[in-house]
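Pasting the structures here.
Presented sequentially are two complexes of chain A, the first with chain B as partner and the second with chain C.
Let's turn to the complex of A and B:
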């Protein structure tokens, strides 16, 4: 059984591994490790992230605070184990000064312990899991997007107060992101006197939402739909096909600009909330939207603007430390101290947990110039991840989950 | 085992021991540790696919289950590192007993589908039983153990830790396969009816092979938990099972070294080549197509065959009889 030929083949074939020596770094460029997804189911979002980051670096002519920016991109394939290896590669082999990424929450969680150990600042351009900046805050982590529920707390209030809805049915993707969005909405909606009559959780890879749509209680005032990826397209199309006329409230990602271009009239009138909309009418945002349209031929959505803003955070922090990243503590402090007046989001500050405080827009899908877009109909200024709740009390409660039963404490 | 292959074995072990010294960079040492972990998993699956003739698409179940149990027990349930790992090992082997009982009611395609279904059930549980498994956000926060005061957080230390298990697994599987029982497992693959006529309980032989494979799958799972310090439903999903099967088939099912080479190939393509080639999945596909075209039996037996062919031709050119070369090839054929 132990054949010499076999062992020889094994040895020869195993010698595929090459070695690359560690590179020296002193006053050279600032190395940015970028974790994105280029292969697998999440690759569409990964590509938009790459576009957002590239646009930002190009706008700065590849230089920030006088130092060249060197972006090293790694493909995590959307798998936690690969994400960890890729992070190790960027940190140990390429000696990056800062990381931007990864895309999915489970990827960010997979490298959480490692980041604490190696102490490399990381800016999240997409992963929204609540606890990353709440119950398990990582001192080396700062987020450039909202938490799952951050935009949907205000939407709960808007639905109850401005729209006057009393009864709502929730339908959401059955994974942590969907659970957290739904719970945040539920909490504030109930606090304002509303009632959640049912919650439906179709699995992520549901092809036909028919069996869920027919379960929706006919007496509700509206349906709150929280979907990620391409699921919003499928749901809204089928919702209209089943002749449903109840108004739809959406999460930020249900009618994200990244997928809105693939939707038809079924999306018209959907009201959603987000920390961003391509329709925000400020000169800064309109210039940004124009640049994205010119470079990539589409409107910026969740991933594009997330990566773009992660890069702006980096720029802001680098300017604070005058391009000196040798003192990691000081650099991290600067990242936690990011304060931007004018950005596509509007003004942005960071709270004590590494989470941005931003304006939240209530948006309505409308058709303008032959294309669908999220028109801003109301803005909630400077919204924290804790909404109006006391952070300590908020954190003492359990993290939002599928079985979350809170809300309605104050009426 | 001849004296010559004994020498080769020693050379291989020495080479493996020297890997960290030769490589130096912690990143590649970590990569080598991952290769060892996946090699153990692929070797264990090879027991079923190669030696038992039972193609399974649910082998990630043991990797993921053992990893979940290890991390759950040591971080949330307050067990010690050693007891946590031991319980994970016993529980996973128990799971293999149950799964073997269910899956071995069928053979061929039926067996494949049942293992696939069982694997998906576990994946579904991990995904949905959020209070226990953390759902798709997974379980983390685990520390690597400190056996005998050695800090396994160090890449080199972890590599040697994994290497110990790898060598024991290799020896354990090699001895198993060469034992009379291993021969009866292969017999039940090739001639189940004749084996039955000879008085063997084919079902029991296959079941034992199945459980033994599950046992080594559990070892790989515990190492996976220690290495990643994190587990999410990805460890249990169909992708992981399919990838492991690819390692076995690409390297050479039914050979001892095939799965190891397959593990090197897949891990390196996934983690190293992907840094240079964006379309690495396509490359992976192309590599497998080439393997199927030129070495349908897998890389290790294929390379051996091509080498023999080249050597035989040279010998013939030098005036030696072709009889000798074909004779050895025939012996090789029989022993694999």
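Let's turn to the complex of A and C:
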């Protein structure tokens, strides 16, 4: 026979437990797994990502939609196998609610299947591989940066229409990122009547570009150089060293703010395209640039702003679901529905494939206040990853690759 | 015609750079039979130290000296504290040098952050030389001159000096040299310091062309290995010829058969080793 007191205390106990449980659900911290690179060759980009993320979390006082943000950082060393292990740790041991990362496209591809299996929302702050949001879209993936070609479609048009270039030689890193950038540029440049006379593909770890630079056709109007990491520094230095005077068009990463700060006069005059420039003259961006300069002593570039925006995406989605991430489908839908009016990028919306539609800036390296910066000289508003092409036709067309031979269909 | 001349000059310049990189490695391996896998890291460290020297207002030539000396001291310490205890255990030595390479690489990341940096070239060597219709950077020609001078100086040291004679004796037959009263235990740190200094100074010298960046060590070490293996292990003359051959193959190869850019450095090595396992100028080790 049960004593009344016993029943009462059991009731009280369950009530207390119930409240505690409910509180953990509503007001406990949201766990963010952050995949970055702290060691190895990609560490500089990893550090900038960390800085961008930290700045954003700090600006929100560590809270979004009323819930504390708990960032758990993992170092992938830029190696896909390690990335996979670390992701599993974050998901299975730390039970993170959402992932931000990783840095490199091959890392993102390495965990793609796993993410589909465990169904954890992931926001990419950097990896630009086209097919992640095109031919193989992952329903749990949303990107906070452009695709490889997104900024370089407009650059192709700008080179042909505004600069009036007819013949261009392309030199690009020989890996997927370089192939995709070069193909996007080529397609639109040719569509506008331009001609690509030459494509040079130096390996990623080329020590000496001398034998490539001296191959460049002297009759071209300009050279389009698409390099990642430190290769932009190496190439531009050697290019000027060889006395080359043909104008250089660059990919976003060739003269990214992250390396521009270490460049010299060899970078002056390079015209490039990007979804961001520290020189974007809006109050929102100038406040952001000021904050980054104050905290880290340099201008924000690709990685800093990418991670910062990934974090803003998270904030925007959390506000849509009022901080409730227990319904993963609803949370993911909110992430795919991110809509931000004012950001360092400018206005941002997400398309049906999880890819931002955003303004693309044409930028020119100039020296201001004793430092190099990418001055915005033209803005293409609300550019999609598919440029002006129909998405269905775009996806049915040939993949952007080393052997891509498209462009010039609509002269 | 222009194509062959200009790519030939490119190859000559790159080969010279490779010789400066590989000379120290070859020297150390020749005498001590230690494959110093930290050589690439020494090269990078030298470049970073040189960069800091320039940042602190010193000129390029002083930077080369400081880069060389710093790495020289580090190499001496490494030989005295670690490698000496592992004498006669080549596998252990190789693993230790590899471990040290990782430590140096992480240390550089920590001290200089991971940002790639250009190393400014001295103003007197900026610009290009024009002859006929050809244009070629002054600095690269300077690198060629340095490589030739370095080869000459090392030749004089090894072939014409007393220390050189002792080193050669040690290379040819270590035990016999000891019996003859040559104190190889003193020669070892000397040669190791010299080889390291060459790596360090070479890193600074290469900086204006390669720039300085975190994976510079792992990019350059395989090149040193290719040069030394192709030329013949322990032979400086072999390293010189090997470096130039590689330089030309690299330069013409990348221009003529760009699709082979990845293997072009290693193909000649494989071929030579198949036909002549000791390399072009190598001798069978005693």
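What we mean here is this: the second predicted complex is superposed on the first by the 384 of 411 C-alpha atoms of A that agree within 3 Å, B and C clash if a C-alpha of one lies under 4 Å from a C-alpha of the other, contacts with A are read in each partner's own complex, and residues count from 1 in each chain.
FYI, contacts are C-beta pairs under 8 Å (C-beta built on N, C-alpha and C of every residue); 3 or more make two chains touch, one makes a residue touch a chain.
Computed from a prediction, not measured in an experiment: that's the story for all the values here.
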{"item": "Partner chain(s) touched by A:212 [first = chain B, second = chain C, both, neither]", "value": "second"}
{"item": "Which superposed partner A:376 touches (first chain B, second chain C, both, neither)", "value": "neither"}
{"item": "Contacts of A:81 with chain B and chain C, given as first, second, both or neither", "value": "first"}
{"item": "Touching partner for A:117 - first (chain B), second (chain C), both, neither", "value": "first"}
{"item": "First (chain B), second (chain C), both or neither touched by A:175", "value": "first"}
{"item": "Which of chain B and chain C A:401 touches, first, second, both or neither", "value": "first"}
{"item": "Which of chain B and chain C A:105 touches, first, second, both or neither", "value": "first"}
{"item": "Touching partner for A:39 - first (chain B), second (chain C), both, neither", "value": "both"}
{"item": "Partner chain(s) touched by A:71 [first = chain B, second = chain C, both, neither]", "value": "neither"}
{"item": "Residue contacts with chain A in the superposition, chain B compared against chain C", "value": "B"}
{"item": "Chain C-contacting residues of chain A that also contact chain B", "value": "39-40, 174"}
{"item": "Contact set on chain C toward chain A in their complex", "value": "6-7, 10-11, 13-14, 17, 106, 109, 113-118, 120-121, 126-128, 135-137, 139-140, 208-211, 213-215, 218-220, 223, 250-252, 254-255, 258, 261-262"}
{"item": "Chain A residues within the chain C interface of the complex", "value": "39-47, 174, 200-203, 205-208, 210-212, 214-215, 229-230, 233-234, 237-238, 241-243, 258-259, 261-264, 266"}
{"item": "Chain A residues within the chain B interface of the complex", "value": "1-14, 16-22, 38-40, 74-75, 77, 79-82, 84-86, 88-89, 92-93, 105-106, 109-110, 112-114, 117, 129, 174-176, 179, 401-403"}
{"item": "Contacting residues of chain B [partner chain A, same complex]", "value": "1-2, 4-6, 8-9, 11-12, 15, 23-28, 30-32, 34, 127-128, 130, 135-138, 140-142, 153, 174, 177-178, 224, 228-230, 232, 234-235, 239, 255-257, 260-261, 264-265, 268, 270-272, 274-275, 278-281, 299-301, 303-304, 307-308, 332, 335-336"}
